[in-house]
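Labels A, B, C and D are assigned to the chains in the order they are written; within every chain, residues are numbered from 1.
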């Protein structure tokens, strides 16, 4: 069991997938010669050459749209959108084309493509470089959405996403990139839509994904000092998400907190809470409490951003509310 | 399109007969679609290309099955010129289970991947990057194919055209950009909405470009052939502007009140089918011959309509199970 | 009290606002000379002239972005995006620019603009011309989102939206356009974010908005035959939405159904359900049941679309579940 | 920028002194920003325009307070050339409550609406439609102002530029498109990414355009003045390409490993400030005079930094209350 950074795990998954399948190609701004703005694609140009690893002009709408066309014509493109905020420029290609092609053309062809994009704060990058917009994509039938929180999951989900015959939005929390973690010698695929229990517990369930898993763990540590045992479920997949795993945990704890870095209102957590307020209602012994960013753009200033991103204290407070 | 292989001297006439027949097919299909829509047999938004058949047909004649095309909201002609099966086409427009898109897409989304027709598209300009990506696949996979992107003059308002011209140019992709310039974008005349032309734009990106009378099917086919040859020879993207005529309104049922009646009347003179027929007559094809073609096509179209009418409705459960490939 | 079509009410609101304020200008594709693809802006070019009522090229990203610049420079633009599906082409301008300008520039200037856009099915317009994407915009801090269901509300909300100093996404269900309704002789403004009780009842609450209000009413009629009295709350505003009104109704009925035409999963209804599962939990006597479109693109075929759009039967079934 | 009004014969020298002083200010501000960022006093993403000061300054000199500009991610120079207050600027970059944007925007979003600076922008190309809309407001409201849209060469990849050139052209809007062509878009050389040039694009839309040595501040100011006069005279949009040099990397801290060291070294010869100083010396301005200017500016910058350091941090509750105008 060696150590590996989160970003290296993604790099390795891309490399392994490209070794395994000559149809996998990479597209994006500054991903080839420069190795990516965060270094995620470093070395892949040298290994796989200019035809398969392509620097593109600053043309998000077109590179995603071209990925759809390429996917419909036999390639498996993995396209990088440098910041999730820039997905706004490519939404037609994602939503009207990639997501719908299999369905609306009568199942004639799959659309095997992956859109890699970093979300999240922590770099004081401000309102246009920090947004967590995964809820938008989860609302679009035909897309899959994943958001790993560990190096091993990043590897496994990337391999699965590239092999999936559907368009997958692969969300990478940029604050995780440099983090080093245990990495298996023989890493394996992770099924899209399968949650994992990040920590076992019996008093309440915290459902989360991405970088917020760390926040949940910190909160669980604090709660443990008070004798409260929190179970943490890391969804990993947001569309589809692992309803059964949430229900199973709830059957033990009967109390639910939903946590993510995205803005709380109309965020992905709303679906989880809403769904459980329906099918899990009889299991609930307390209100479902969500923790997310407040309803404001991601602010620039250090203090502002620090207060903006959900922290362990807020999760602990939410836990206390459901334990009341 | 079935490709006749006649001997040298009547090569051109034989080809023109093929082209004419294809245009008559498109015309007949769309005339009937207009009627079926008016009679409420066919639902949705229907955009007819009556008057523009020579463009679709001429381009289609230059392409093989391994070549790909992306189309627009006005895509019936492109689909039929590329060789889409009439049965699957009509079943689709009626929303039937056996439609080419299982009744889920309709007029704005007809597609047939087996013949390289990557779909009509409801979003103006959106077909351009799709054709580009298909060309990228041809290039990466070392195929000798090319990819044609149809777009209207109105689509020149969308920035995605600029992006695609640029990307195709720097990557020397095998793309044929085809502008169907009918002078209108919905209810607005393009000369009021655009300060540029397809040729000027192409020039700005070093993409070789030509303009052609889009209602002269032979001229379109000739030029499309020349440009396609250049593309296949590795000379990178090219653009062809086809100046053509939107005889009916933007959509089936559009009364075209925004248009000068004199302008509409004048269009008859430019009819691509009548023009081809005059040429054929001069080349010695008899009126009876042409009438026979027309009758054959009418029969085929009516048979397809009848089949479509009687087809089973698309089934909801199958649609619901088709949101993802691989049944996930 | 005369009768007026829904679309005429919007037309009148636009005209009245333009009379009242010379800074109000209209932009959009085919909205001036042709009077709009659905006829909503008919006659306004003649009344207000070419400078204030402008046909634009097919350039959604730019006309919305230009509206932001115009709003920051003293105009109050009302821009039409012909189908809500085409908002995908203009998302940067809406989300990164319009929504954030007031906040990220330190409250220097308001961004008074309205984006009018029709959503919804019923015309067999297929997967790229029928989407209900309002949940996306409700998730974006800085935007307001409204969706009227009656001619009077359409008028009143449009007047309020134009006067609001913030960017408002004004969603018009296109199936409502031709519908004729009572219209007050002296129509008034409707506060953004204020719900209205569309029907009084005591046994359960149906929260809805837009064209689905009619579906809710049909369902309530059926339930009434069985002696069940449903209260229907028409939100009208989605961002902000009237939490207090929902809680007040719930305090009477203790049972909640949330209904909209949009896809259920990750839709606007998720937020309402999630929020009530938190702050309204103690009032709930039953699971919260949502009714929305199934998780698939809007299909073309007649039978397919009819089955796709939520109908009264599905609402009745949901009601029966919460009444169990 | 303060406008001196000297007598005829030393008009040009006086103006050059002003221009030079403004460039020195921008250089000093950004040099210090680079240091403050390296010392972790300033957070976020910082894009410095060192080497490009003549472009911002020359354009700024042609504009009045009633004219508007939209800027890019590399906007410090544009802001300062338009007249942004140094105090509010530094407070913003430190994320302080009294920053020009209340500490909510930072480097990528500096804006000052009172002087027509409509904001730097984190989205490549996004400033273009904003400037266009501002020009629309000028036109509709009958103002004599113009609106300048700064964009980089890399931004030519984005289709929104195409759309804006078109719309400005058909509506004859008072827009000055300013391309700061520094040859790079992040870590990629633009000649590999683009098949076009600003002049070719402008020509495609009938927008009159000129290219200028963007490191010659007088040339930029002259040409910007000429084009602005034409715009104010109702001649519609114009474009100015300023060929300039990005001396430092894409962002503060970028080691520029992707760049030939020889290329970077050669940039010193093109330094716009040194060039202006050589001219000033030839016009009789003493070295002491220039040193005094520099010292005055240093002092002003250090004072602003000190003020910013000591400023109160932005307050979360105020930010939370500012999401909507009107407090709603």
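What we mean here is this: a contact is a pair of C-beta atoms (placed from the backbone, for glycine too) under 8 Å apart; a residue touches a chain by one contact, two chains touch by 3 or more.
These numbers were taken from a predicted model, which means no experiment stands behind them.
Comparing mean CA positions across the assembly, the chain most remote from chain A is B. Of the two interfaces, B-C and C-D, the higher number of touching C-beta pairs belongs to C-D.
Mean C-alpha position of chain B lies 37 Å from that of chain C. Averaged Cα coordinates give chain C a centre that lies 40 Å from the centre of chain D.
Chain B and chain D, compared by their mean Cα positions, are separated by 47 Å. A straight line joining the Cα centres of chain A and chain C is 30 Å long.
In chain A, 56-57, 59, 61-62, 85-86, 88-89, 92, 96, 103-104, 126-128, 141-142, 295-297, 299-300 are the positions where the chain touches two or more neighbouring chains simultaneously.
Among the residues of chain D, those in touch with two or more other chains are 99, 101, 103-105, 109, 121-123, 156-160, 163, 166, 170, 192-194, 319, 322-323.
The touching residues of chain C, when paired with chain B in their complex, are 29-30, 33-34, 37, 55-59, 61-62, 85-86, 88-89, 123-129, 294-297, 299-304, 307-308. Every residue of chain B that touches chain A in the complex is listed here, in rising order: 68, 70, 92, 99-105, 109, 111-114, 118-119, 121-123, 126, 128-141, 147, 159-160, 163-164, 166-167, 170-171, 319, 322-326, 328. On the side of chain B, the complex with chain C involves touching residues 43-45, 95-96, 99, 101, 103-106, 108-109, 121-125, 154-159, 185-188, 192-194, 258, 313-314, 316, 319-320, 322-323. Remark: chain C residues 61, 85-89, 91-92, 94-96, 99-100, 103-104, 126-128, 131, 133, 135-136, 138-142, 239, 263, 265-279, 281-282, 284, 286-290, 295-297, 299-300 touch chain A in the complex. Of all residues in chain A, those touching chain B in their complex are 23, 25, 51-52, 54, 56-57, 59, 61-75, 77, 92-93, 96-97, 101-112, 141-142, 144, 164-166, 192-193, 240.
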